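Naming follows writing order (A, B, C, D and E), and every chain is counted from residue 1.
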């Protein structure tokens, strides 16, 4: 019963969304150039599935690599900044300022500096999803309950031990907020990079099919992207369930 | 990208940037690749998809690509501002600018005068807008009575089709695509070249560093690319198919349309006539688009450009 | 071993400053067992935090083992008033935390942790997480975690408050046995006057607001003192009655309505 | 008022299921004061949660005021084992929470809250936040929060565990006074046998693992019972001694090492 | 002393960042149209300060309006989804999927649907910063400690009361993670919208000056944007200090 409903509800949601979309295109008589209906998209997908899947694979590779780097770097930076508050006060404003530079404006520069390979794309992904990971992890690391900090101090734990054994596990549930927001942004970052430098990936499909006025193909790419991004998001959710089962147990 | 067949040991590895993604006007590069013209010329060419003129110039300047196809008029306006001092054209693709006003039939726009009081869409900050005052003066209309709307290039057709703008200023070769976007409505095309015949359209360019270091390689590239251009004009359908094969997003019909529409403006020799360049620069100067002083030699490498 | 000289501690607050402890003078000899009793809010926990190096005194000096207290020390163990268990660790994992932090051999530590957990009556609960344990069980896990450190100084803040009367007696008996076998210098905060008298060499009575040392009573009853039933011994009863009176006079806190 | 019939409750766990309570039969009459004692982990808190409608029994039925328990009720107040104070509210704000939730007149509620806080000895601490209070002070705030509801059924889980002996006696005396003035049906979990005897009409002894009713002892000592010193009354002493023995036999939990 | 250092450290960080940047342009001889040096930017700013400030004002207006809407809507949605888990299971995957549609691809559609005014810009801001607010607030709302949930249930609090009096205040510190990430994204969203539809705002300045190769002017706009975004971020931090002082008190 629970097993059935665990699939039924998300399915119901997806079907409803599709139905709303489809009927909107019919009721308002929207042409497929502006907003294709689901069958147009299916049709576009079936025209060249291998191509689309290959490009999706390339987007996933860029996304996951960049996200991985951002998570490791973000975690380390968050640990450093929370361990050394003077450094935080000196660098966080600069970080916030740098983060606010629109990535769309940075993407062309990255191509100029790093060329046409995967590098500038990965860098853009890192840049875009680094910040939420840092902010969320910092929030988690500074939320250790006073009695647990006191415990760790009374045990004369080193800074590293305090982080690894107490502060970081405690921060995990909050860190996962950053990871969930970050993985969604990572996909977007990959797409922005690919739109800017359309050598491959679903972003390239979107921009190039736009140039050929093939809106259904662009939407097939966007749909694949949505599926892919949802899958990555729920992978992160799964990881959360595995790593922090206790968080659900102590809250209600 | 598409790197063609396995490179020969001696082949020069170069990167080429298209003018605008992967559409009909750039098909000749893939044709040259597919037909082995580049390989035969001892070149291992990687084709990258270019963006707007300015971005392509930056990439050339930074050395991330050796060659690019881009709008010569736009490039020269930038050169006049001292922003692209080391970029040289070495072959013309379009002998005249393809910038045009495009409206839909039935919109009441049939001649330049009809544009007054209308909304015109164009790529943000594009040459199309910069050239418009000159065009307007020659066409006898009041440029200040036209309202401009900036947008991303790929967005323009949908703005026109949805009625958010009354006309576009874009390359006339896009007309077929725009008709497709507008649900089959026919377009009215008013080319700028009617009043501004002396301006060039797209051309092949390189940074002066490349042209100075290996002029022979530039010639080999030029000839292979122009051979591809010739083949493309002769076989528009096959060229479009080749493009589609290399770039699955390409639309064959729109590509054939672009190729046939651009044919009248193309000389497959790629010739760049020095006096025509001088005239073009004068036109730009007299319309205040560039300060005086830009010489033909500073924008075209006449030692590399085909002369007849 | 522990010496406090004119130690005061205040806490700032928006309106007025709370004086938690005022000019406390107290010495605890090596291996001595001192119990601290006093009204709720009189500063007992604050006193332990100061000795543990978790708080700094506003004035006065504290020395442990001859040197001034500058921060927490490895040879001082504190059992806090709250269980403060890590929710992602099992009971056993929580007890092993100090072993891991001190980088002691893990296998030996695990053996000792299991023995301790069994001894406090948690034999079947080694692999349960804190949220699966009752309040008293959690407190016993925290007790094991403090004891596994085998510290030279043991500071305990109401370690048996969540335990029923009998378990409490058992635990007190075990603590006495441990102390006799290996006398750690102990400061033991308790609510039970009887427990204080039965366990301690000396009982310190704090008066509230601000906390001052009201009386220090030496308990000269030979060890091992039998707990539970023998609490009715006349000497014990006398001490208890005396402390009860001192405490009752020690402040007007918790007044009757 | 409260009736439990063959109530059992188990908790699932990865390896084995914990049987917290097993076939409990218990009735509490309207206005009666029942104390529950038992070894740590024997299921006392679980029992209160069941009556409060926070947990469902695995089997058996519970009725309150004649109707089956389907969830929490407004006329039942529970004082939990942990203080469970809202960290963003002052002591006064925390006590006023039930008033706000029941949408009672705020001004009256505030007056009563202030009276209650003063009565438990927190006169100067109305506007302090929980983290500025000692453990015992926090518990007293939670006590006030339970009392302000003036419920028909009052469930208290070790309400005085964090209090020193004297404050504890004061609080017990106040609770007795309140109960005599306005007898709420009360189930009172405590660790102190003496407290149970002094406060309760009947004392229920639970045996551990699984929790069963081991004995129910009626305490027939006339009220008001004077607490503190009078705890030495022969009748009281007898009851205490008896319960002590029952409890000692009630399980092998917390065994001596 | 503390007062002095509270300004000194961030200033030091900013100055260091500027110094690194400046020396990079000098040492590597970077031309100003790739990466202008700080003096070029100051010069560009001094050429037309009134214009830049006016456009900055328009960006701020769009950002703040969109952010405000996103916060209110995100909060309400998070409350609804956490109160009604079946709805969450049905709609969250759809939400994740929709969120992954690259905003850069949506921006043109918004203009087609909503025209050239402020509306499509505000909508884009809402779309871009809605998700982090929802994810973070949901995480906060589901992290109520078991004993507080039990308290609220035992008091027979209505769902609304439980949220307003207990769950929401408890969630605030985590919600602020979403707000901090969200405000940064909001600025980016405004700029993306303005780049796409450059009728005004700093995004328009960036794209128009970029087209005319006035890189120093583009960077003057980007710098203003960074300053503005940092200011908005620290406004949110200030708000956090005011609203949840207790969160810092109970953690250590």
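Throughout what follows, a residue touches a chain if its C-beta (ideal position, glycine included) is under 8 Å from a C-beta of that chain, and two chains touch if they have at least 3 such contacts.
Keep in mind that this is a model prediction, so the values were computed, not measured.
J.: Give me the set of chains touching subunit B intersected with the set touching subunit D.
T.: Touching subunit B and subunit D alike, sorted by label: E.
J.: What are the mutual neighbours of subunit A and subunit B in this structure?
T.: Common contact partners of subunit A and subunit B, which must touch each of the two, are E.
J.: Centroid of subunit C to centroid of subunit D, CA atoms only: how many Å?
T.: 26
J.: Report, in whole Å, the distance between the mean C-alpha point of subunit D and the mean C-alpha point of subunit E.
T.: Distance between chain centres: 49 Å.
J.: Using the average of all C-alpha atoms in each chain as its centre, how far is it in Å between subunit B and subunit C?
T.: One centre to the other, that is 84 Å.
J.: Provide the C-alpha centroid distance between subunit A and subunit E, rounded to the nearest whole angstrom.
T.: Averaging C-alpha atoms per chain gives centres 16 Å apart.
J.: Pull out every residue in subunit B that's touching 2 or more other chains.
T.: Expected reply: 58, 62, 154, 158, 162.
J.: Considering subunit D alone, which of its residues make contact with at least two other chains?
T.: 82, 131
J.: Touching two or more other chains, which residues of subunit A qualify?
T.: Within subunit A, the residues that touch at least two other chains are 34, 112, 146, 150, 247, 250.
J.: What chain pairs are in touch here?
T.: In this structure, the chains touch in these pairs: A-B, A-C, A-E, B-E, C-D, D-E.
J.: Mind pulling up the subunit B residues that touch subunit E in the complex?
T.: Answer in residue numbers: 52, 54, 58, 61-62, 78, 81, 83-84, 124-126, 149-152, 154-155, 158-159, 162, 164.
J.: Across the complex, what residues on subunit D touch subunit C?
T.: 11, 13, 15, 18, 37-41, 44-45, 81-82, 115, 119-121, 127-128, 132-137, 140, 158, 161-168, 170-171, 173-174, 177, 191-193, 228, 244, 247-248, 253-257
J.: In the complex of these two chains, what residues of subunit B are touching subunit A?
T.: Those in contact with subunit A are residues 1, 15, 20-23, 46, 48-49, 51, 55, 58-59, 62, 64-65, 153-154, 157-158, 161-162, 177, 180-181, 183, 247-251, 254-255.
J.: How about subunit E: which of its residues touch subunit D in the complex?
T.: 145, 147-148, 150-157, 161, 165-166, 169, 244, 246-247, 249-250
J.: Show which residues of subunit A lie in contact with subunit E when the two form their complex.
T.: These residues of subunit A touch subunit E: 5-6, 9-10, 12-14, 16-17, 34-35, 86, 89-94, 96-105, 109, 112, 131-132, 135-136, 139, 142-146, 149-150, 173-174, 176-178, 180-181, 184, 187-188, 191-192, 195, 203, 206, 218, 222, 225-230, 233-234, 247-248, 250-252.
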